[in-house]
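In the two complexes that follow, chain A is the common piece, with chain B as its partner first and chain C second.
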Partner chain A sequence: MRETVFKTEIGLTHYLSADGEPLGELPGWSHEPEPLTGYYRWMVLARQFDQKAVALQRTGQLGTYASSLGAEAIDVVTGHLMTPEDILVPYYRDHILQMIRGTPMCDLLLYWGGDERGNASPGMGRDLPNAVPIATQTLHAAGVAAALKYRHQPHATVCLCGDGATSKGDFAEALNLAGVWHLPLVMIVNNNQWAISVPRHLQCAAPTLAQKAIAAGVPAEQVDGNDPIALHEVVEYALQRARAGKGPTLIEALSYRLSDHTTADDASRYRGPDQLKEAWRKEPLRRLRQYLVNLGYWDESRERQCLDEAQQQVQRAVEEYLSTPPEPVESMFQYLYAEMPDQLRDQIEMARVRGGGDL
Partner chain B sequence: MRYFKLPDLGEGLPEAEILEWHVKEGDQVKVDQILLSVETAKAIIEVPSPQNGTIEHLFGAPGDTIHTGEPLLEFAGEKDQDSGTVVGELKQQTTAVNPAGEQFFIGASPSSREYRDRHISPAARALAQRLDIDVNTVPQRNGRVTAQEVEAAADRAQRLGPFEPLRGVRKQMARTLASAWEQVVAVTIHDDADIEHWPAGTDITLRLIDALAHACQHEPSLNVWFDGDRLAVRRHPQLDLGVAVDTEQGLFVPVLRNVGGRSAEDLRAGLDRLREDVRNRSIPPAEMLGATLTLSNFGMFGGRYATPTVVPPQVAILGAGKIMTEAVVFEGKIQPRRRLPLSLTFDHRAATGAEAAHFMQLVVTRLQD
Partner chain C sequence: MNESICLLEAVNLALARALEDDPEVILFGEDIGHNGGVFRATDGLAKRFGAHRVVDTPLAENMIAGTAVGMASQGLRPVVEIQFMGFIFPALEQLISHAARLHHRTRGRLSCPMVLRAPYGGGIHAPEHHSESTEALLAHIPGLRVLIPSSPARAYGMLLGAIRCDDPVIFLEPKRIYRASKTLVEDSGAALPIDRCFTLREGAALSLISYGAMIPECLAAADNLAERGIDCEVIDVASLNPIDYDTLLASVSKTGRAVIVHEAPGKGGVGADISAVLNEQLWGQMRAPVMRVTGLDTVMPYYRNEQHYLPGVSDILDAVDKSLEAGRNEILQATGSG
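Right, the complex of A and B next:
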């Protein structure tokens, strides 16, 4: 005799069509102007920042930069639902999420411009800095979540990664630990369909990435990553579970990378224009704007004003960034020892002399 | 900014090829407006304008490769912040870097392969820039250039002044000989001519010229021009002899034409006239062209043997050293005899060792006659 010992299903939450029309009954809060108009303003800012950052890189004023084009809704919604005491463990597309959490735009530009002071932003609070290596941050997040649990602090750790990261051992290990230790971890996979040039169907044979969490005993579900209402519902539920000591959740947010992988990439070499065109039809800003317009919460003049404000805000940050003097040469010796060893003292002196004191 | 230089558009890309300009000279552009499309090793990239301004000049046309750090275009009416090239203007060494200026650019350092292949530490580069030393001229130690080497170079520059550039004839000599050294497969044969029997007052130069004419007649394979690119030779029916003349300004090699068919008196007169013209710097350039073989009689200054340098398209040069009386075995007995040391360099691409040895033998025999 053979009996079924395990069965599961993966749900996909979505509320809005690509054109911003309700697909069914909407949650009550989504009929109000807030927080959705607030979400939209941040998403506009995210896109303006992104566009300017790419232009700065193209003109030699910023290092390699990973665009967040198409991932705005995931970051903006998650950023607003997190409390200040929750802890963010971001990856390299979470610029706007870091901004919402308190990192000034100028510090983000400094970081991507190769100035480590951007990574030491006081605005980051207890959040971890950006992780460039793939999936390493998932383990850091498990550790942070373990610390929260150990200290009996009722807060959540939120970790983001891409679809490519789910193929790495780190990801599986982090989930395993989160499951077995019942950690307050919300793992959000921004499944934007591409890991540099590797498409989703070559990344993993499983029909969903969410189901990888099931193997670790972690509840998991999919959400439309271009749908702010669906994201709000799913992320909020996971955060509350984590804070209430009910354990981890994996959220696979379905989005599409509308940009190149980074400024060092040219996606047109491996990605057809039709697919990209179709993805633009589903993108999150247009969808939310249409929804808000339909409700009468948004119009042409608000749009113009919002865009103006966002551009000015970005421009101010860029000016501040470009006029930030380089770090003094001594700074590379600091932060290593409480008391400076003699050898390093000598080296600092040498660096001062050779660097003219203002390198 | 005045010059917009090609930034590193990827991660360590040394260059980009211009595909298309979207603006032309005289155009007004706005910040972030697309200026041009370039193709790097990784991607086709649209490059926006870093500022508002008017395009004064575009560097490069579609198809041209621009190296990272080289200017793409010039904006009109902008102060040249990165000049430092005005003669007499001292480069400031300790002022703060202008944060909004050219130096804030990321990845905009020159990065040709040659430049990168030298092991120069970033600290050494930065220091060299600050001290206004060309880091590529700093000698390496253990295959590396560190800040110490740069400091030593700066110290030398301060004590001894900068290198003094060669001019005129000396510059030409350096170029000609360096180029000759690169091309020629030089082999040198040494021998001595016994000239004990020469009467006092013998014109040594004329004897050498006579011996060379004789050798060319019987072994014409060295009296040729060799074209190294096409691997071809041109034989010369007569010997037009280049005679090296040393002056304070440098080395001159006027040409004595058809030395085989002229009398000794005529040759001496011609030689004197050439030397005089060289010393007076009145020799026409045509008089220094077309030598088929060269004689360098350096013995009058000293030194016995040499490895003279053949200057293409010629394939041979004979050097004559200082005559000395030596103890040699002559007719079975050790005797003091006057000997003229000879050094014949030939281009082994154009002649065989046997031909050269034969030529040398003919010269020696003729001198000993």
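Right, the complex of A and C next:
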């Protein structure tokens, strides 16, 4: 005799079509102008920042930069739903989320411009800085969540990663611990279909990435990552669960990386124009704008004004970034330990001489 | 409370003291709770302080290290255990790429006050992967502190110092001498410095520089030499990163001779680093080349042959004799005799 001992299902939440038309009944709050027009303004700012950052890199004024093109809805909605007391553990494509959390644009540019002070922004509070080694941050998030739980603080830890990260042991280990320790963790996978050149179907044979959490006893959902209404519903539910001590949730947000992996990449080497064209048809800004226009909350003049303001804001940040002098050379040593060991003091002068003595 | 305890019991005593003193200290690792750790280093602590403070984890070393980084980033003081140093490698990415750098790369906005404990070294007839000494891999990493105690009192004081330190500390315990001897350890709650060598024996003839389970071997060698009228200084390096070169340089500038002893392979080892610094700083004052007595540059053998791998007293005495001999030849040449 054989009996079924476990069955599960993964839900996909979506409310808007690619053209911003309701797919069914919408949540009541989404008929109001806020928060959706606010979300849209941030998404416009996000895209202006992103375009400018790429332009700075192309003109030699910024280092290699990971674009957030196509991730705007995920970051903007999550950023707005988090409280200041929640803790963010981002990956390297979450500039907008960091901005919403309080990191000035100038500091974000400093980070991508090769200056550690970008991680030191007071606006980051207790949030973790970007983690570059893939998926390593998922374990930090488990630790942060464990700290919140240990101190009986009713806040959530929010961690983001890409689809590639789900192939790493860290991701599985973090979910496993979150499940068994019942941690206040919201893990959001930005499944943008590409890990540099490797497409989603070569990353994992499972039909969803969300189901990886089921194996760890963690509830999991898919959500349309280009649909701000769906994101709002799913992320808010997971945050409330975490804050109420009901444990972790995995959210697989389906999006598309509209950019190259970073400015050092050329995606035309491995993906064709048709797929990209189709992805642009589903992108989040156009979708939300269309929805807001249909409701009469947005129009051409608002769009122009919003764009102008965003451009000015970005321009001011760029000027501040470009006029920030490099950090004094002793900074290479002074933060290595809580107190600088004597033997490092001798090397400060060596570093100064090595760099031409101009700092 | 004062009593004679072994190094392993001293670790337990320090952990209990830290848990008692600071509610932000939390212990976690594999089998450390109910079972008290495979060596019993955490014996009784879960019962005394609760399962929320002495916590069993799922079996994943990388997870233990990464979770500790996350906890420490929020100001907790996690003290985690890796069961054997041979299983530390999955944790290296978290230690090297994150723990070591968090304070530095956030310019002090966040810090990483974690301690990762692991028993290391050979000599107890353990299975494969249970006897290695790979401390040099960790001592090479800027931002990590790497400590190895060599007596019950130093284990107690240095572990308290490590837990109270705001930097990430790798605390390697020489399991060969976990139960080797018992000495009186006062449970005073006083930490020892974690950035200083300990001079265990003073002498003018030669500096014996070592750490961990090789310290008893060096002290035995020094006793033997004393019977021959040769007074060696014995220094426990104790902190492999940063290294207290001031104490080492002061000793060797006095004796003019140094023999460095460790059970890890010599190639790229901590002894090579110390030797290089002694040569750079004391060239001209040395009376003999710096000698090293180390483990061999091969895979740690299974236990039937481990005595052929690990340095012992006679190897140390041979190196001391060579050092003394080299100096003697020089003196003879300089005086034109012989």
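Assume the second predicted complex is superposed on the first by the 336 of 359 C-alpha atoms of A that agree within 3 Å, B and C clash if a C-alpha of one lies under 4 Å from a C-alpha of the other, contacts with A are read in each partner's own complex, and residues count from 1 in each chain.
Just so it is clear, contacts are C-beta pairs under 8 Å (C-beta built on N, C-alpha and C of every residue); 3 or more make two chains touch, one makes a residue touch a chain.
This is a predicted model, so every value here is computed, not measured.
Novice: Quick one: is A:Ala147 in contact with chain B, with chain C, with both, or with neither? Answer first, second, both or neither.
Specialist: second
Novice: Any idea whether chain B or chain C touches more of chain A?
Specialist: C
Novice: After the superposition on A, what does A:Glu320 contact: first (chain B), second (chain C), both or neither?
Specialist: Touch status of A:Glu320: no partner.
Novice: Can A:Leu139 be said to touch chain B (first), chain C (second), both, or neither?
Specialist: The second partner, chain C, only.
Novice: Let me test your reading of the model: by the given contact rule, A:Glu303 touches which partner, first (chain B), second (chain C), both or neither?
Specialist: neither
Novice: Per the contact definition in the header, classify A:Leu177: touching chain B only (first), chain C only (second), both, or neither.
Specialist: Touch partner of A:Leu177: chain C, not chain B.
Novice: Going by the contact rule at the top, pick out the chain A residues touching chain B in the complex.
Specialist: Residues 51-52, 55, 57-64, 113-114, 260, 263-266, 268-269, 322-326, 350-351, 354-359 of chain A touch chain B in their complex.
Novice: Where on chain C does chain A make contact in their complex?
Specialist: The contact residues of chain C facing chain A are 26, 52, 57-58, 60, 62-63, 65-76, 78, 90, 93-94, 97-98, 103-111, 142-143, 145, 165-167, 195, 242-243, 245-246.
Novice: Write out the stretch or stretches of chain B touching chain A in their complex.
Specialist: Chain B reaches chain A through residues 4-11, 31-32, 42-50, 93-97, 99-100, 104-108, 123, 126-127, 130, 147, 151.
Novice: For the complex, give me every residue of chain A touching chain C.
Specialist: My answer: residues 87, 89, 116-117, 119-122, 124, 126, 128-129, 131-133, 136, 138-148, 150-151, 169-170, 173-174, 176-177, 180, 331, 335-338, 341-344.
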